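What follows is a set of structures to go through.
Both complexes below contain subunit A, partnered by subunit B and then by subunit C.
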Partner chain A sequence: MEDWMNQLDWAWLQWLALGIFGFGAVGGALYLFFTKNILYGAYGLLTSLISVGGLFLMNGAEFLAVSQIMVYVGGILILIMFGIMLSAKGEKKEDALKVVNVNSLVSLLFAAVMAGGLIFYSVKMGGSRSLAEPSAEQVQDLGMSLMTTQVLVLELVGVLLLIVLIGASYIAKK
Partner chain B sequence: MIPTSFFLVIAALLFAIGFAVAITKKNLIMMLMGVELMLNAVNLNFVTFARSGSIVAEGQLFSLFIMVIAAAEVAVALAIILKLKDKYGTLNPDKMDELKN
Partner chain C sequence: MQFFENTVVGLYLMARNFFFIFLFVLGGFLMLTVILMIAKLLRPTKPNPEKDSTYESGEEAAGDAVISFNIRFYIIALIFLLFEVELVFLFPWGTVFGNADLIEETNGNWAWYAITEMFVFIGILALGLVYAWREGHLDWIKSEQIESNFKAEVPLEAYDKINKKYS
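Up next, the complex of A and B:
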């Protein structure tokens, strides 16, 4: 009996979490679309990224959820904010912060059609799949395959990051 | 367990909104944010399909590498954007029309 109660509570909590994270992800993205302030847009993106991290967690991808928050929120978003701050200096600082929307209705319509098509096909493709329970050794599996079968890709990504580090600082130098 | 289709719907919506942001906003940093949103949606799709697949680690590895590539892309793009700001004094891509006509 108690076991069953636990199971029920857990499922209810999962739906609540899906609601919160889904609303956060889509709402943050919509806010990014409708806002005219570039810094507020960055905050909308922040909400969306954190919520997608939560959705990763609900899909049983713990390592990816943590790296989502560390890489996207802690790295990419901070980088974007520094980009905003660095480009908003100098004599024409208003121009860098100005966001002009063109054809926003048309592109929203296009996006709606695109979302409809994507939802139709992806749900048709994957909606009826049977789900595997997330295994407990997921992080270990990930680490093992990174170090065995995928080790070449890992090394290439490391080299790529080094090249990007050098290249970006070379491009951005005065 | 929550069915896969809910995550797929959220991912499709995120992708479409990211696309709309990338084509609507006339500001290079804003467009970059839209591209980030699209990459995130693809990541969510990969993770969702990895849950229902037989080899769980493969899909997650794919999205891990996408994450790294996104970080690299943003670093280079922001460096280029700063250079463009220096050269043109604006971030509006419509005003960077040196090669037009």
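Up next, the complex of A and C:
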């Protein structure tokens, strides 16, 4: 890294990025929870998922961030949107995309318990985690173990994906 | 607290690694904002209902933007998603596949091993694609062309004559 970069004050950038991603993640999820239009809810989910990807990036998990963006944002969210657009039907035009929350209290409680557990464990694990190494090597290590010690797992994942593909297309056909 | 300390360290590393990307993102937003602001300052604003309507190549816009899709899109998206999951596994593989040291140490066997392994991995999922294809999950419903029995009274030569006359 060049010399002048060392002299910059990074603190503002760090907190700015944390603020943007954190706000996006929480805000998107809250919007999804409270919105009445399911399509807008999907946009809220989009914001939330991208922001979580950003948070992964900030914690040095680049591979996880790329996977998050590719699989969740680029794949699963598109699938959800297709699902919405396939099933959008209502008595009136305006009702087609309307959502009604039936279990707000239970789902909020569930989310609170999940969040509490996650925070508890991440605080607990925080001490043993080291971030000294930048993650360029992490992906390499992952590739190395995927090709050597975990190669059977890799092929099993391939078989699993095959099963999912066959099953999913079979169900979708029905 | 150790957790927050680690987060700060992580933030620091990210800020260093992604400083240029961040600059590009920032630059993109700024450029767009500045250009749109300039346009807003320069342009005259005289809206009328005609201008405010949605532009559909001169056609009158009809119906709703939210319509039901063809169900086939869903299956295509599903297959795409599975191949995307596969693609995620290709990233770490790609970083070690061409490793010069490893190839040299093993007389090139490493590269053959790695590429075979990956082709097996891709091949397994390609089997699924072949299955979906064979079973007709990928077939699109084609609209039928109905042939009409209309017989024109004007003979074809008449068109030729006119074309010649005015060419």
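Just so we're on the same page, the second predicted complex is superposed on the first by the 125 of 174 C-alpha atoms of A that agree within 3 Å, B and C clash if a C-alpha of one lies under 4 Å from a C-alpha of the other, contacts with A are read in each partner's own complex, and residues count from 1 in each chain.
Here is the rule we go by: a residue touches a chain if its C-beta (ideal position, glycine included) is under 8 Å from a C-beta of that chain, and two chains touch if they have at least 3 such contacts.
None of these values were measured; they are calculated from a predicted model.
When the two complexes are overlaid on their common chain A, residue A:A172 makes contact with subunit B and with subunit C alike.
Look at A:S107: by the touch rule set out above, it reaches subunit B but stays clear of subunit C. Contacts of A:G75 after superposition on the shared chain: both subunit B and subunit C are touched. Residue contacts after overlaying the shared chain place A:L118 against subunit B, while subunit C stays out of touching range.
Residue contacts after overlaying the shared chain place A:N59 against subunit B and subunit C alike. By the touch criterion defined above, A:L142 reaches both subunit B and subunit C. In the superposed model, A:L162 makes contact with subunit C only, not with subunit B.
Once chain A of one complex is fitted onto chain A of the other, the partner contacts of A:Q150 are limited to subunit B, with no touch recorded for subunit C. Between subunit B and subunit C, B touches the greater number of residues of subunit A.
Look at A:M85: by the touch rule set out above, it reaches subunit C but stays clear of subunit B.
Taken together, the two structures place residues 14-15, 18, 58-60, 63, 67, 71, 75-76, 79, 82-83, 86-87, 96, 122-123, 126-127, 129, 131-132, 134, 142, 144, 146, 157, 161, 164-165, 168-169, 172 of subunit A in contact with subunit B in one case and with subunit C in the other.
Residues 14-15, 18, 22, 25-26, 29-30, 32-33, 38, 41-42, 45, 48-49, 52, 55-56, 58-61, 63-64, 67-68, 71-72, 75-76, 79-80, 82-84, 86-87, 90-92, 95-96, 98-104, 107-108, 110-112, 114-115, 118-119, 122-123, 126-127, 129-135, 138, 141-142, 144-146, 150, 153, 157, 160-161, 164-165, 167-169, 171-172 of subunit A are the ones that touch subunit B when the two sit in their complex.
Taken together, the subunit C residues at the contact with subunit A in this complex read 1-4, 6-19, 22, 64, 66-69, 71, 73-75, 77-82, 84-89, 91-97, 113-114, 117, 120-122, 124-125, 127-129, 131-132, 135, 137. Residues 1, 5, 10, 13-15, 17-18, 39, 57-60, 63, 66-67, 70-71, 74-76, 78-79, 82-83, 85-89, 93, 96-97, 122-123, 126-127, 129, 131-132, 134, 139-140, 142-144, 146-147, 151, 154-155, 157-159, 161-162, 164-166, 168-170, 172-173 of subunit A touch subunit C in their complex.
For subunit B in complex with subunit A, the touching residues are 1-21, 23-27, 29-30, 32-34, 36-37, 40, 43-45, 47-54, 56-58, 60-61, 63-65, 67-72, 74-76, 78-83, 85, 89-92.
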